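In the two complexes that follow, chain A is the common piece, with chain B as its partner first and chain C second.
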Partner chain A sequence: MDRLAKIFRPGPRHAIPVMLFLLLGFVAPLVTVVMYSFVPSRTFDLWQDWNLDNYAEIFNSSSYIPFVWSLGLAAATVLILAVICYPVAFGITRVFGKYATFITLLFTLPLFVSENVRIYGWILFFIKNGVLLGSLKSMFGYEPESILFTTGLTLMGMVYVYLPFMLFPMTLGVSMVPQQTRDAAFDLGATRWQVFKEVDLPLAMPGIVIGFLLTFVLAVGAIAEAKVLGGQRIIPITQDIETAFTYAQNWPLGAALSVLLMLVVGTLVLVVLRRFDLDTILGKK
Partner chain B sequence: MTGVPILQLRSLTKTFGSLAAVDKIDLDFDEGEFFTIVGPSGSGKTTLLRMLTGMETPTSGEILLRGKRINDLPANKRPTCMVFQSLALFPHRSVGQNIEFSLKMKGVDPATRKARALELMSQLRLPESYYSKNVTKCSGGERQRVALARALAYEPDILFFDEPLSAIDYKLRKTLEKELKDIHRETGKTFIYITHSLEEAMVMSDRIGVMRGGKLIQVGSPQEIYSAPHTKFVSEFIGDVNIIGVTADGTAQVKAKEFGASLKTPAVPEGFGAGYLVVRPESLRFLSKADEAQNCLEGRLYNEYVLGSRVQYQVRVGDHVFIVEKLRQQAFGGHRDDKVLIGWDADDSILVTD
Partner chain C sequence: MRRALIWSWTGAVIIFMYLPALSLFLASSTSSRYFGFPITKWGFVWWQKTFDSLEVHQLFRTSLAIALCVTVIAVVIALFGALAFARYEWKGRSIYQKLVLLPIFFPQTVLGLALLLYFNALGFTMSWQTAVFAHLVWIIPVCTLVISIQVYSFDPALEEAAFDLGATRWQVFREVTLPVLFPGIFSGALFAFLLSWGNFPLSLYTTGADTTLPEYLYAKMIAGYTPGVPVLGTVSTFGAALLMLVGYLMIVILRRRRTADVDSN
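Moving on, here comes the complex of A and B:
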């Protein structure tokens, strides 16, 4: 009776619709995927003898290679973005002044165009006789090999697509560093590098960590860049999962791959969040 | 307090666009003195301080430290240190790490660093257990001391203060003002302090410089600033004061604009046309007969305010409001709306211009 009364207090009561929505729209599909990962290969019935064959198959075949590619490319994307975005974030916060809003807008605008359209745009840019090579040829008579359909271009595409997801949390992080604190460090004899290392970086860390996680999780799930720009030269794990669920009609294998991916990414996120406890960084603990 | 100048400003100027935030300031700071620059917001005191610390480059003029020009020396190369308005402590570091920061930057080994930090903590009455306490967990007064300890650890020749007490409640501020003066005495370093509160400046300083509109309008000891302000602006700055608009009437006296009375003054300078007569509330007296003071006015007792050790009275002469202040023991026994005589001697008043 008590418990029932608790549920019907206004707070929990008003949360019910959202809870139901999350349960049906998020938890249920996820649980289904996890369950499918345990049923025999190439079957569609959930209610049969569960086993670990799908996982065994993954570890005994070369299916780990797409994992490595996905994680590796995602890690590379994050690192490249960190190097590109920190100076921009710093500039937006401290240097550009009245132009900061305009520059931020420039970085935001591409988000209003569909990711696929933007990626196909790059094809037109890099393709033989396209914008880049065509111009070089007609203007200078120079005809280099096209870099389209290479792993490098896949990486470039990922860096390009996920840039805002690194830039904006990072800008927020950098803007949380009080100017007086930086001045104080400088005034106490710190060099520019020491100010960066001792004050800028640790105090901007919450934004940086969020940017890292956001881009990493998104980049691990990237598929279009490798397919379109990379010309399937490498197969990311997402593409394997897609194939398993579609052409191959092997839902249990696809489910097992998905579960593994979630485990890897989930563990990583938890470890990072534990290592960089946001509250501690912000001095709230 | 005359000594060797440690820091000299020569026609120091900083302009932002067409605005001169600091306008041709000439000033010598003496070794070991506690100098306070006072001014309202927008008077240029913060810009001046930023130039002295090296965070802002002067547009023209010179800053000489012990005779050497340091205009272009960046803040991290100057033997000076500042306590910021926000204190600017490092929130991700402990009390000890904050204090040791400058030593760490210099590459001093951890043991020496810790010893020095603990020494400073005991000097500033911070308990030793605070060494590993997070600064964000400290109270306002403790953070103040950490900031001061951090600055002292740098062993600066000059310590600058940018209104560090402005955000602290009254009672604690009063305590810290005195503590800061004690620390100044113990360390013997040159302290240069800026504030908008002349009251704060009075308590702590050896000398005070008053700034207005980018210019230094008066420099002197607290007593001089209080008793001999050069302008209406300076006299008003100390809080309650009676200011009477007056015009010269060709004699040794001046005429009050508002209520027409002729008032005796110390001396009317040559060419004085119009200005203000300044009388401190404690210089005003209640009289029983008109001839008890050189200037006497009849007014109406409007209100009284008990200020603890002192009592303040508001007396209206025509539309002009006078403030009279007495020690509590010598309180005036009048009642509201009583007709009263108030007066003062010519020597207790100062004639100033705008």
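Moving on, here comes the complex of A and C:
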């Protein structure tokens, strides 16, 4: 009886619906994927002899290349976004004043428009006779090659799509730095660079790291950028997975590839998240 | 000097964020069948054509049905989830907070495929209802997080005072907790609706024979150029902007009214 009362105290009681739903909607599907990865190749029935053939097939092929591309592009996206977003996050917290909310809203809006539609907007921008090249041609008579369908543009597309996911956690982090601490450092004769290195960066670190993690994980799962903007010049791992599930009709192989991707992502997320106290980051008073 | 630099940098980033939307808008407002810039024949012929299409009406209905169901279910579950997340102190809360975040920190394409396998193993046929479930897996955590931020600034003493004055549990919830948390709940609902409306990776694998707007647009843009795509893209952008603006204004007005109430008492 005592134990029951303990379990059903207000905190855990309110957590029950969410946990139950995630058990059915998140954990169970992931377990299904793991189970499917042991089923013989090109079959659809879950209940048969399980083996490791799918994994053997992956390790004996060149599927590490898409893995490397996905991880590499995601890492590059994170680094570029860190440089792009820090001044904006700093501005939202300390410079923009009453306009800060409006600017935040401007960065939120693109999240609500389907990402493939926005990527398509880039195609219209960069295509031959499109917004950029068409204007250059009519104004200056200058006709450069279109940069569509290159790996560089894939990277730009990823930077574009995942920008808000870096910006918002980073802004939370930057707003955790107390102005008094910065003022004190300046009063004691610190240079701007010193304040940035010794005060701003360490105190904002939780938000920055969460931004890194979120952007990296989502960027590893990117698929549309390479397909639409990159003209399939490179194949990310997600596209391999998708192909296995659709054209190749090889669900077990797709499942095994997914399991490997989940291992990489899951380990990273668990290791990093473990170290943080979310209450302080989200602004508990 | 440094302020000016930060302002202009941010301005440049905002322009970068809106260039695709601008391109879509330009492409949608031409009367010719093919896109070429600068535009020679301006006009809104394709807007008319797109809005008259019965297929598009059906797509709007499907997307709307999914987004509305997702919003209602997500807000109810996430409200309780947020109270457990931020209001109560309990053992295991810190682990719970991280577990709730896991679906957000997960590639959506893989999540969509995992749900496809799962539904298939359970013997479900994919339809818009399975898509609602799939969206919820991702949107409930987002919604919980959004509402939690409001819950953090909630003073539990308010509830206790109401209990002391003899209110029942339900009365406290209806008269104290809900009104105080309303701005957070409202933003949570807005997020849920808009994220479901624009979602592509989860819908792709879980809608079966039903088609949502983003799926249709994707199929069209793979198949070749039609001006209907920029039209619908522009409509989604403006629609989301309008909804967000109205929502933001509502929250501002609610806050004003509340402070006015407090002052007049």
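Please note the rule applied: the second predicted complex is superposed on the first by the 250 of 285 C-alpha atoms of A that agree within 3 Å, B and C clash if a C-alpha of one lies under 4 Å from a C-alpha of the other, contacts with A are read in each partner's own complex, and residues count from 1 in each chain.
In this text, a contact is a pair of C-beta atoms (placed from the backbone, for glycine too) under 8 Å apart; a residue touches a chain by one contact, two chains touch by 3 or more.
Quick caveat, the model's predicted, so the values are computed rather than measured.
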**Message:** Looking at A:Leu163 after the superposition, I want to know if it touches chain B, chain C, both of them or none. Which is it: first, second, both, neither?
**Reply:** second
**Prompt:** Which partner does A:Gln232 contact after superposing on A: first (chain B), second (chain C), both, neither?
**Reply:** neither
**Prompt:** So which one touches more of the residues on chain A, chain B or chain C?
**Reply:** C
**Prompt:** What is the contact status of A:Ser61 with respect to chain B (first) and chain C (second): first, second, both, or neither?
**Reply:** neither
**Message:** Going by the contact rule set out at the top, does A:Thr43 touch chain B (first), chain C (second), both, or neither?
**Reply:** neither
**Request:** Check whether A:Gln249 is in contact with chain B, with chain C, with both or with neither, and answer first, second, both or neither.
**Result:** neither
**Message:** With both complexes overlaid on chain A, does A:Gly121 touch chain B (first), chain C (second), both or neither?
**Reply:** second
**Request:** Name the contact category of A:Ala190: first (chain B only), second (chain C only), both, or neither.
**Result:** first
**Item:** Touching both chain B and chain C, residues of chain A
**Value:** 282-285
**Complete:** In their shared complex, chain C is touched by residues of chain A numbered 9-19, 21-22, 25-26, 28-30, 32-33, 36, 44, 46, 84, 87-88, 90-91, 95-96, 101, 103, 105-125, 127, 129-131, 133-135, 138, 160, 163, 213-214, 217-218, 220-221, 223-224, 228, 238, 241-242, 245, 251, 254-255, 258, 261-262, 265, 269, 273-274, 277-279, 282-285
**Request:** Write out the stretch or stretches of chain A touching chain B in their complex.
**Result:** 178, 180-181, 183-191, 194, 198-199, 202-203, 281-285
**Residue numbers on chain B that touch chain A, as the complex places them** = 53-55, 74-76, 80-82, 84-86, 88-92, 101-102, 105-106, 134-136, 150-151, 154
**Complete:** Contacts from chain C onto chain A in the complex sit at residues 3, 5-7, 9-10, 13-14, 16-24, 26-27, 35-38, 76-78, 80-81, 83-90, 92-94, 96-111, 113-118, 120-121, 133-134, 136-137, 140-141, 144-145, 148-149, 152-153, 194-195, 197-201, 205, 213-214, 217-218, 221, 229-230, 232-233, 236-237, 240-241, 244-245, 248
